[in-house]
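By written order: A, B, C and D. Residues from 1 in each chain.
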Amino acid sequence: MAEPNYSADEMMTIAAARLLKNNMVCFVGIGLPSAASNLARLTHAPDIVLIYESGTIGTKPDVLPLSIGDGELSATADTVVSVPEMFRYWLQGGRIDIGFLGAAQIDRFANINTTVIGPYAKPKVRLPGAGGAPEIAGSAGEVFIVLRQGARTFVETLDFITSAGHLDGGDARKRAGLKGKGPSVVITDLGVLKPHPETRELELVALHPGNTKEQAIAVTGWKLRIANTLETTPPPTQAELETLRALHARTARAHGNAAA
Amino acid sequence: MAELISLREAIAGLIHDGDRVACEGFTHLIPFAAGHEIIRQKKRDLALVRMTPDIIYDQMIGMGVARELVFSWGGNPGVGSLHRFRDAIEKDWPAPLTVNERSHADLANAYAAGASGLPFAVMRGYVGNDLPKHNREIKSLTCPFTGEVLAAVPSVRPDVAVIHAQKADCKGNVLLWGIVGVQKEAVLAAKRAIVTVEEIVDALEAPRNAVILPHWVVSAVCLVPHGARPSYAEGYYGRDNKFYSDWDDISRDRETFLAWMNRHVMSTADFADYERSLVGAQSKQVSHG
Amino acid sequence: MAELISLREAIAGLIHDGDRVACEGFTHLIPFAAGHEIIRQKKRDLALVRMTPDIIYDQMIGMGVARELVFSWGGNPGVGSLHRFRDAIEKDWPAPLTVNERSHADLANAYAAGASGLPFAVMRGYVGNDLPKHNREIKSLTCPFTGEVLAAVPSVRPDVAVIHAQKADCKGNVLLWGIVGVQKEAVLAAKRAIVTVEEIVDALEAPRNAVILPHWVVSAVCLVPHGARPSYAEGYYGRDNKFYSDWDDISRDRETFLAWMNRHVMSTADFADYERSLVGAQSKQVSHG
Amino acid sequence: MAEPNYSADEMMTIAAARLLKNNMVCFVGIGLPSAASNLARLTHAPDIVLIYESGTIGTKPDVLPLSIGDGELSATADTVVSVPEMFRYWLQGGRIDIGFLGAAQIDRFANINTTVIGPYAKPKVRLPGAGGAPEIAGSAGEVFIVLRQGARTFVETLDFITSAGHLDGGDARKRAGLKGKGPSVVITDLGVLKPHPETRELELVALHPGNTKEQAIAVTGWKLRIANTLETTPPPTQAELETLRALHARTARAHGNAAA
C-alpha cells in the first residue's frame, strides 16, 4: 500500500469534523476540537454555530485561535457576552447541542483527566486543570472528545476525574443528575470509539485507513472492546485536505513563530 | 470615586501585603503592567485569584508574591505549561503555594455572586468531578422547590480587583469591549478596584448598552498604554504570540527566569521602561534558551 | 431556528390555550402588537407573567385571556391604576384571576435563574415584607458557608416569551438596545420565543457587546413596525403619553372598555389596521369619557 | 402673614432635594423622589449619580420621566444595564447610598404599604404592588421617603407591609438581617420626620414655614411625637423655585396632555 497523502492528525481532525452537522450549536474547546469545528464550518457545515467559553457566540475565525479568547474570535462573532453569562445562560441554560472537548487522559467510560498526574496534593505533573470542561461535559446535549490514542492518554485508571464521562458506566450519569447525555463519540488518530449502548464502555467502532485493531488494542491502557462491525473511515477527500491545510497555513502565517 | 493617578501610586496605596487580589482578563486585556508593578513593589503573601492564571501570574508566583492561588485553568494558552506555576505546586519553589482550585463555571458564578452581595452561588456542576474531594469550599445544597441537589460555592470577594480596559474619561468612567470576561464582576465584587487604560478621553461615546464601570465603583484609573501586552487590547494592538511562545524557554529554568525578571521588571522603572528594555534585548538577539 | 413569519401565524402556532406566557418589556419595547394578536385569537387560560403589567396586560386581562397573573408592579405608569387589572382582582371580572405576586428583584432573579437552567434563585429580599405570608412560592434557605438566611424563589420558565425589538437580520438574529429590561432572560428562560421587530435588515451591524438574541434561540421573528406603540422603541418613535393618559378613561368602565376593544382590536385584522382605526377615531373626535 | 409664593408640594420637593448631597449614589423612585432628585442635580448637587430601576445609571434627564423607563432616562445615562443586573450587581451588591422612595401609606416606624388597602385576598383597593421598593428599602445604605402627610397616608396600622422601614422599632432591622440602615428621614408637605435614635419611631423634627405641629398631629393616624427642638425649614430660595418650575414646565411641554 502506498504511503497515504495525509497525516494521522489530519485524518483525526477530518473524521472529527465530519461528525458535526450544519446548524448544530457547538461549544468548542481549544486545540484539536477547534480545528475540527472550523474545518466543519469551512466544508459541509457552513451554518454551524461555534461558541468558545471566552464569550464569543457564532464566531467564524479565518485562522485558528491560539488561545480561547483570541481577537479573531471576538471580531468575527455574532455577539460577545461576559464569561458568567456564557456559563450561566448559554451552557447551564441548556442551549448547547455539542460540547467538543480535548483531553490529557481518558478512561474506558470516557471520563477525562486534565488536572494532575500523580496524587493531587503532590502531583508528578500539574496539568492546567478544569477550565470550562466539567460543566461542558455535564450540561451540553452530548459530548464529542478528540485526542491521540496512546498508552499515556488511554489509561486504566485516571489519577483524577476532571470531567464526567459515563462515570462507572450504565446509567450512572442519569443517576448522578447530569443533564446532558455525555460523551457519544471519541475520535483518535487511530479510529473512532463509541460507548456501548448499555454498559457505556467505549468500543472501537471504526479504524482510519491503514490502521489495525491490534494497534489500537496495544496502545490502550485497558482491555479495549471492539465492535462487532468495525467500519473503516473513508479517507480524506481532496477538498477536506486542502481546506484543512489552507486553514493551518493561514493560521501559521497569522501567528508567526508561535504556530510555526 | 476614581482617582486618576500613576500605576505606581495606585499599587502602593491600594494593595497591601496579605490582600486577596484578583487580576482579571480572559485572554484579552490582561493587566500585565499592573502585575509587574506588584512584583516591582515586592508585595507579599497575596491570595491571588484569577480564572486563567497565565504568564503574568507565572511571573508573580515565581517572584514570590503569592501565598495562595484561587484559579480554574493554569496554562500558557496555545503553548503549554506554566513552569513557575508548576514549580510552585510540584516543588514548593520559591515557596509553598496553597491551591484553591475550582472550575471556570464555579469562579464565573462566584464572582457574579460576589458582585451581587451574596455569600455564595448555586450552580449545576462538579457532578462526578474529583475537585470537591480536595476542596472543602465546594459544597452542595438542595433546591427547596424541586429537591434537586446542586453545587454551592462561596463567593469571590477580593480586597482588590485589577483590570485593564481600553478607555476612561476624565472623570474616571471606564469602557471596555470585546471579550470582557469577568472583569465587571471582579470590580463589583471587590472592595477596591484599580483600572489601567490605553487612553483617557474627554467623553467615552460608548454604545448604549456597552460595558461601563462608572467612576464611583473604581478606586484608581491609571493611564498605561500597552498595559496589557503581550496580551491584546481590541482596537489597539494584537496579541504578541511570539512572547507567549518565548516565555516557555524563559520560564523553564529558575535562574533564567530570575535573570529575565531582574533585568526587565525589577530593574525597570515602569511599564514604558520595561517595553524599552525588551526592544533592547531583541535588537541584541539575546538568547533565552 | 427563527422563522420569519407573520405575527398571526406565530401566535397561532406557538401559543396554546393554557400556556404560561411572558410578554416582557420594561416600559420600553412593550410588545403591544403581539398582545393584541393574542386577544384577537381568543387565547384562553393563559398564565401571564410580566414584571410590570401595564396597558397591554390590562387589555388581555379585561378580554378574558388570563387565568393567572405573575407580576411585581401593576399600574399605568405616570397615570395611576389599571382598572381592568383591579376589576379582575377586586371583583373577579371578567373572571377570577389567580394572583402570584412577587417583587421586581424576585422576578428579575427568577427570570435569570430560568435562563440559567436553575430551578430557583437566591436573593436578599422579602425581609419584613408581608408577601411571603400570601405567596407560598417564596421560601428561604440557609447559606452553607455563612449561615445567613436568604430568600429562595422559584425560577420563571415560561412556555412562550414574547418581546419586541428594534431589528432582526434575515437569518433571524435579533438586536435590541436602550432599556433592555429582562427580555434576554425571558427569551432564554422560555421554551419558545416570539420576537416582533421594527425592521428586518441585511446585517445588524451591532456594537461588539450589544444585546443580541441569536436566531437559534428564537422561534419566530415577525416584522411589525410600531409594534410597541403606545410604548416606545428607542431610535424609532417616542412613548405616546397621551394614549396612556386616555387609557384611564377608556378602561374605567367595563362597557366603554369592551366597546373600545371590539372596535379597535377585535374588529381589526392586524396591528397596521388597528393603527388606522385609531387615526380614524381621533379625526372623528370620539369621546372616550 | 402674606400668602407664600410657593405651594406645599413645591416646598416638599425642595426640602427633599436639599437632603441629597453631591456625589451621592441615589436609587430613585418615580414621582416625587424623581422630582426631588433631579432638582438636587440641577441645583446644589450636579454630580449626584441618579439610578432608576429600569437599568439607567448616571442619568441626567432634561425633563422628568413619566414612567420609570422613559427614553429620556436611557438617552442621558452613563450606561444602561439589564434589570436583573440592576437588582443583582448594583442594588443587592451594596453600591447604592440612598434609596429614595414614595409611598401610598406609612406607619410610625416608616414601614411602607404600596400593595393593598383591605385584606390581601379581597382588597378594597388594589395598589400597584412592590416593584423595586422592598429590596431598595432593604439594601440601600439608607432610605429617604417622600409623601404627602394625611389621614389616609399616615396610618396607625398598615394593611400590608410592602417595604420594611424599622419594622416594630428598635434594632429590629438589624435582627432581621437587613443590610441597609433603613429610613433616615421622611419628607412631607407639612414638615420633616426622623426616626428616634433608639425607638426608631418617627418624630416630627421640622415644619415647613407656615405649618403648625397641631396640623401635623391632626392628620397623622398615630399619636405623633414631636422632637424637643422643632426646626423650621428655610423657605425655598428663588433659584430653587425657578429651577423646579422650569423643570416642571419643560416636563409638561415634553409630555403633552399627559402631564398637563
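Simple rule for what comes next: a residue touches a chain if its C-beta (ideal position, glycine included) is under 8 Å from a C-beta of that chain, and two chains touch if they have at least 3 such contacts.
Predicted model only: the values in this text are computed from it and were never measured.
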Where each step is a move between two chains that touch, what is the least number of such steps from subunit A to subunit C? 1
Would you mind pulling out the distance in Å between where the CA atoms of subunit C average out and where those of subunit D do? 28
For the pair subunit B and subunit D, the C-alpha centroid-to-centroid distance in angstrom is 41
Taking the mean of the C-alpha atoms as each chain's centre, how many Å separate subunit A from subunit D? 57
Touching at least 2 other chains, the residues of subunit C are 112, 117-118, 123-124, 148, 178, 180, 184-185, 208-211, 234
Give the residues of subunit D touching no fewer than two other chains, as numbers and ranges. 74, 80, 88, 92, 139, 179
Please categorise the chain-chain contact pattern as a line, ring, star, complete graph or other. other
Considering every pair of chains, which are in touch? A-B, A-C, B-C, B-D, C-D
Under the touch definition given earlier, write down the residues of subunit B that touch subunit C in their complex. 117-120, 122-124, 137, 139-141, 143-146, 148, 150, 152, 154, 177-178, 180, 207-211, 234
Residue set of subunit C touching subunit D in the complex reads 26-28, 51-52, 71-75, 77-79, 81, 85-86, 89-90, 101-105, 108-109, 111-112, 123-131, 133-134, 148-149, 178-182, 184-185, 211, 232, 234, 238-239, 241-242, 244-245
Per the touch rule, the subunit A residues reaching subunit C in their complex are 23, 25, 49, 57-58, 74, 78-81, 88-89, 92-95, 139, 179
For subunit C, which residues are in contact with subunit A within the complex? 1, 112, 115-118, 173, 184-185, 188, 206, 208-210, 212, 214, 216-217
Under the definition above, what is the set of subunit D residues touching subunit C in their complex? 30, 53-56, 65-71, 73-75, 80, 82-84, 86-88, 91-92, 111, 115, 120-126, 128-135, 138-139, 160-164, 167, 172-173, 176-179, 255-259
